[in-house]
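Note that the chains take the letters A, B, C and D in the order they are written out, and that residue 1 is the start of every chain.
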Amino acid sequence: MGPMGKHPSANKLKIINDPVYGFIKIPFPLVYDLIARPEFQRLRRIRQLGLTNYVYPGANHSRFQHAIGAMHLMQEAIKVIRSRGHEISTEEAEAVTLAILLHDIGHGPFSHSLENSLIRDTSHEEISLMYMESLNEQFQGALDTAICIFKNEYPKHFLHQLVSSQLDMDRLDYLKRDSFFTGVTEGVIGSDRIIKMLNVVDDSLVVDQKGIYSIENFLIARRLMYWQVYLHRTVVGAEQVLLTMLKRARELYALGDRIFATPALSYFLEEVPGRFQKKNQDEFLCWFTLLDDNDILASAKVWCNHSDKVLSLLADGLVNRSLFTVQLEEKPVEEERMNIMRKLVADHLDITEKEAASLVISESVSNYAYSDLDDRISIMDKNGQIRDITEASDMLSLEVLSKNIQKHFLCHPRFLDELMVKNK
Amino acid sequence: MGPMGKHPSANKLKIINDPVYGFIKIPFPLVYDLIARPEFQRLRRIRQLGLTNYVYPGANHSRFQHAIGAMHLMQEAIKVIRSRGHEISTEEAEAVTLAILLHDIGHGPFSHSLENSLIRDTSHEEISLMYMESLNEQFQGALDTAICIFKNEYPKHFLHQLVSSQLDMDRLDYLKRDSFFTGVTEGVIGSDRIIKMLNVVDDSLVVDQKGIYSIENFLIARRLMYWQVYLHRTVVGAEQVLLTMLKRARELYALGDRIFATPALSYFLEEVPGRFQKKNQDEFLCWFTLLDDNDILASAKVWCNHSDKVLSLLADGLVNRSLFTVQLEEKPVEEERMNIMRKLVADHLDITEKEAASLVISESVSNYAYSDLDDRISIMDKNGQIRDITEASDMLSLEVLSKNIQKHFLCHPRFLDELMVKNK
Amino acid sequence: MGPMGKHPSANKLKIINDPVYGFIKIPFPLVYDLIARPEFQRLRRIRQLGLTNYVYPGANHSRFQHAIGAMHLMQEAIKVIRSRGHEISTEEAEAVTLAILLHDIGHGPFSHSLENSLIRDTSHEEISLMYMESLNEQFQGALDTAICIFKNEYPKHFLHQLVSSQLDMDRLDYLKRDSFFTGVTEGVIGSDRIIKMLNVVDDSLVVDQKGIYSIENFLIARRLMYWQVYLHRTVVGAEQVLLTMLKRARELYALGDRIFATPALSYFLEEVPGRFQKKNQDEFLCWFTLLDDNDILASAKVWCNHSDKVLSLLADGLVNRSLFTVQLEEKPVEEERMNIMRKLVADHLDITEKEAASLVISESVSNYAYSDLDDRISIMDKNGQIRDITEASDMLSLEVLSKNIQKHFLCHPRFLDELMVKNK
Amino acid sequence: MGPMGKHPSANKLKIINDPVYGFIKIPFPLVYDLIARPEFQRLRRIRQLGLTNYVYPGANHSRFQHAIGAMHLMQEAIKVIRSRGHEISTEEAEAVTLAILLHDIGHGPFSHSLENSLIRDTSHEEISLMYMESLNEQFQGALDTAICIFKNEYPKHFLHQLVSSQLDMDRLDYLKRDSFFTGVTEGVIGSDRIIKMLNVVDDSLVVDQKGIYSIENFLIARRLMYWQVYLHRTVVGAEQVLLTMLKRARELYALGDRIFATPALSYFLEEVPGRFQKKNQDEFLCWFTLLDDNDILASAKVWCNHSDKVLSLLADGLVNRSLFTVQLEEKPVEEERMNIMRKLVADHLDITEKEAASLVISESVSNYAYSDLDDRISIMDKNGQIRDITEASDMLSLEVLSKNIQKHFLCHPRFLDELMVKNK
């Protein structure tokens, strides 16, 4: 008997208690069945904000909570759009709900932190799609329309926009949720007010003119959350430690040192040609489903005492929050300065300069508040005319908003601070 | 025995329960005594947001609550500034606390709504100062320093800035409080985070660089609150009805029609030369202390049935929220169009066109997010360099922020809509 | 054209912003029309918690807000009960919504404070009913079913229970709302959880067994709110001052002293035989609609300077919060002690002992947490068996819960404290 | 250089952002140093509420957050008690702060879930004490007084009560915090109001009479949280699955099957005589510090595919939330009924009845609201007389409150439901 057969559907419209929205109702029996799958339950074991809890201790919420929250907002959006006279059939409502529910299912451990690291050349969106296709087989094609919407191949374009655009239910949930759990209350956005202002014109999502101030606030609050939370220098530094640690672990693996790792992590540390190719998709997903925050932390704790000094230093940094010093730089650090620091580190730890290179990290992060290349945010005035938010708002200038702000960081072990002082 | 002698001072450090901040402690015995004065108790009977409750029913909070809240934030600011190594003596702390406590004591009924109406040529700040001087006499000079700070004549300039500037405790409280009571949660600002970032350089308040995003958010949230709440067109329309009603009442008074009014309102409806002059200040304050929201509403209810059609129409509009139609216009309405409408109104109500003139109102409101003419918001970077927020932020452009945004409204009785349609 | 004809019904399903629940939708066009009536708008001018803001300054919320909130909870309850398989027709849903919306429309100034004072021998429920009948006429019988439900004459008994019982939407709203605005956060109840547990058995409301702990919490939180807020001794004292002041005003009226009063208050101060009899109902309602908090406060401010010492002392107490001393007594104060105090007051103020009698007040208040005489709270276990909450709960004992707790207070002017000390 | 020498102490009075209380200040440099220790950082990796997130997805908060929160409340309590005139020296304030900070440091994975399981015969309090002694050595005796207070050997008895009693800062934080993160808002308690009511008489904590209703509410809210959250049958069922799984893992280890486990978990799965004895304390703590939620989950994921059917069934239940059916029973299930079920399970899985025994679990949990055997809650009336809360409250009866409520559960794999039906 397949997963759909387990429970009579009447019992599946359960209610979930959420500290952000209160009660959330499961809107379709199929949603219940998908949530029950191991592929989805795994999201309970992945922190929504990776290592952010090192700065904001409240930020321990999971991807599971976010997916459920975005699903809830989708129900509100469907109600509003229908009330404006636009048809969304029950089948479409279910499909767009499934699409948002599963949109992030392909996230790896610590969410964004490990993209392009453990899993090379494959974005979390691609993995989400693989999962959706795999689940679609298990559920005999019940996700066909959801996948269509997710891939933006469904005729009603606006349904895709609800799942992925600059004003999708993903962002409306995560900004509100992350603000709640970090305690950065001023980052809160008016998700509900924005949703109440949604409409559809020419198959595209638009926002009523009355919502301009809410959108301005949304863009600025998002910017606040990026620099104050997501790209906080201590968080960025912690992620660098994590990434560098895993890179070192892979190097040791490649050198034949089979350091301790849980089986799932071990699979991803090994360099096996073709491992992440299409033909091996089933095997890949099978292991990926077993991989989460626990594997990294459980393994890193063992590495704290490994004889490789680079690995143990990084693992200790991660596990015991003896994090690296992170300082903001005006521009990328010059090679010469890097070399001096690497040499000091190498001497101090008695390792090669090449090994030391991975302990002195120059990194930059960037963010823009709004992009006109992306799916734009459109405002509809009372005459039905559509304008881009940057034109409709007398406050926001596209030029300024779409500027790609870049920040440069220098991360290195704490002891280097003292060595630098002595060295002067 | 003077008011200070009433209670032993130990009992005066009471705790007040505030839904916004939790427990608020009365920090000085003198604060307790001032709160107990009729001049201050009167603030309980003045709504902080005037007629805003016609749009946001939760907005019934009083000026009393706001004054207590701003006083509370002042204590936090004092603590932070002291912790940065800047001296604030106990006497100065008390004085700056009294200054913020009393900064708005001169507000008339419905707060801003009646400035320059009932009381001509006298701003609420001037009346606040009169009150402070009068209380200073009652308390034998105990408010000397507070008045000095309020008037910006005290050597430590930054103390005045805490009371009145673009980042004063007044704004930090009212934005947070108004957001709370209206339910416009996304208007919330990070008062506490901003206060934690305060510092003093060259006798001026500055904000630590880390606070840039909080300040950006503060300016944009303030803008949201202005257009979404304070200058909401229905609120603006209601205020016009209120103002026009009182103007009509004064006209009738001038014509010898002693319409019903409470004694305090009656005093302000009468045109008596010299009434508001300095030499009559004591009499003025005495009557002003007796005037609040209740006088206006109690009198307006009687006016609903007055034979003067203009007065009764306006009073009914105010009392029963049969508010005027308010529509947004691209520019000020042309005289010709105004005349057509006035004529229609005059005919319909069988009144003169001159009388009808006060029922068709063209009004404009304006707001800017930040002004460089005002006391600026200064940011201090990690090297101690000071820059204006519009330079320090890569997001905010002074040019855009300081733009004076103007909106034009046309308000008129509802029945005119139908007349206009027929008239076409 | 009647009031129903004013607006096309599509525009009436508006959304109201509420700080407690977020967005509240107006569920039926008729609700919109009723809210727009002067009889209902008047609730904006009546504080939900009377003089409680003298202790909890945040408690300025209005009866209007509460009525809208209870209406909102009713929609949730209707949804839940329907989902359990019990039919509620659209007409019934509208009727029960109207019944809860109007259930408190008969409240006088300061809500409960003036029951049995200004209006003798008529409870607020009776006045609510008069209003409903009057509105029913205006709306051509559209409130027939609502009235039926309100009077508990409708066949589906459980609909009446949603409006009036120990677990009605009235209580579920006011406890949550009063907790929010006073800042007594621990008084919060799980309105939404309780509503989710509702069911109907044998035409009576029952609560699912899983809800037992929520009900226990509800009863104890309600008790907390009673003693900590509603019956706080300072609040009780302030209400005594208010009541006594109005009693004195009536006495002066009866003696022919036409003290200042707004016309509406004046109507209720006069003793005119038959004024409150059924045959004069229209006139009564007409004046009652004009009476609210503003009339009392506007008049009391004038009375502060009246030559009658009793009236002016009481008015000053009310207006300027120079409230009476209120102390808790083990039992009602003995007549002898009362007489001593009255004599001291009479001497001090140079008034007669009879006059002084109204300034030394012995009062008692009482409350019980749960009554088995009232409509009980029934719990349904998983076998469908029904038990009273006091039997189903292993915590609550009926004997204890239904105990009528009485507290005795002695209120008198502050100066009496000093006189008593000297007199010892 | 010891851990205290790392940072200059001025930089250690940092501020932590907490979603429950806002900003929390680190009150003493030593607190900063202790938080930085691996022994304390480990609390970041232990969920405060074990497996409760399977029912309340928001409940992912860590022991780290709780310890910081309790430390914050302690500062408030110290301020209040000092303001009552009771001396608490700076040294004592630091010590009682350290005691509350470390009071729970001995918790194992999933908090209470694994007490008396992985670690036999040693309570988490005992391990906390071991840690405190070990840290005391590292910090050259700086924790002497803290340990004295923790063990209740310090002369000022009330300091111990702030750390451990029926009204300690531990409970005041966890009830508030767990209510916040689970979304069970009605479980919220008035921590701040209760703290404001604290006083000391005869070296014992007492609560002012005004606080009676807050205490009643606290006891009932605590009861609600116990039955609705901590002892929710699904949570209890999940914990049984976890416990039984680890028991099975130990059995397999004992049989020589070295199933996969992280090194730290492996240490605790092995039965080595004397391992947990005093003399091996250092080794024990060293391994215990490495053990947290991650080890259990990382290992359980591997066990899902183990050939031992009992282990893999339980591991799958835990990892994928394919939890056992949990039903409430009137009394402990009779042995005969248990045997029937075990036989069915054995047949179905083709395992021995002995093995099946661990899959059909009869468990009971119990709770009382208040105990007079424990450190009582004392109320002080206005005459300074002390009574137990159950005497002072007219609501709470000691007899009822101290009743030990027991609930019996039957847990078994889901498939048994179907087998039972067929078997009838």
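Details
We take it that a residue touches a chain if its C-beta (ideal position, glycine included) is under 8 Å from a C-beta of that chain, and two chains touch if they have at least 3 such contacts.
Everything numeric here is computed off the predicted structure, so don't read it as measured data.
The interface holding more C-beta pairs in contact, when C-D is weighed against A-D, is A-D. One simple way to say how far apart two chains are is to compare their mean CA positions; for chain B and chain D this gives 50 Å. Chain centres here are Cα averages; for chain C and chain D they lie 44 Å apart. With centres taken as mean Cα positions, chain D sits 31 Å from chain A.
Contact with two or more other chains is made by residues 22, 184, 193 of chain C. If you draw each protein chain as a dot and join the dots that touch, every dot ends up joined to every other dot.
By the touch criterion given at the top, residues 184-190, 193, 213-214, 216-218, 220-221, 223-224, 227-228, 369, 394-395, 397, 400-401, 403, 405 of chain B touch chain A in their complex.
Interface of chain B with chain C (complex): residues 16-20, 22, 36, 38, 41, 44-45, 53, 55-58, 60-62, 64-65, 68, 180-184, 260, 262-264, 290, 292-295, 297-299, 301-302, 319-322. Taken together, the chain C residues at the contact with chain A in this complex read 15, 22-23, 192-193, 196.
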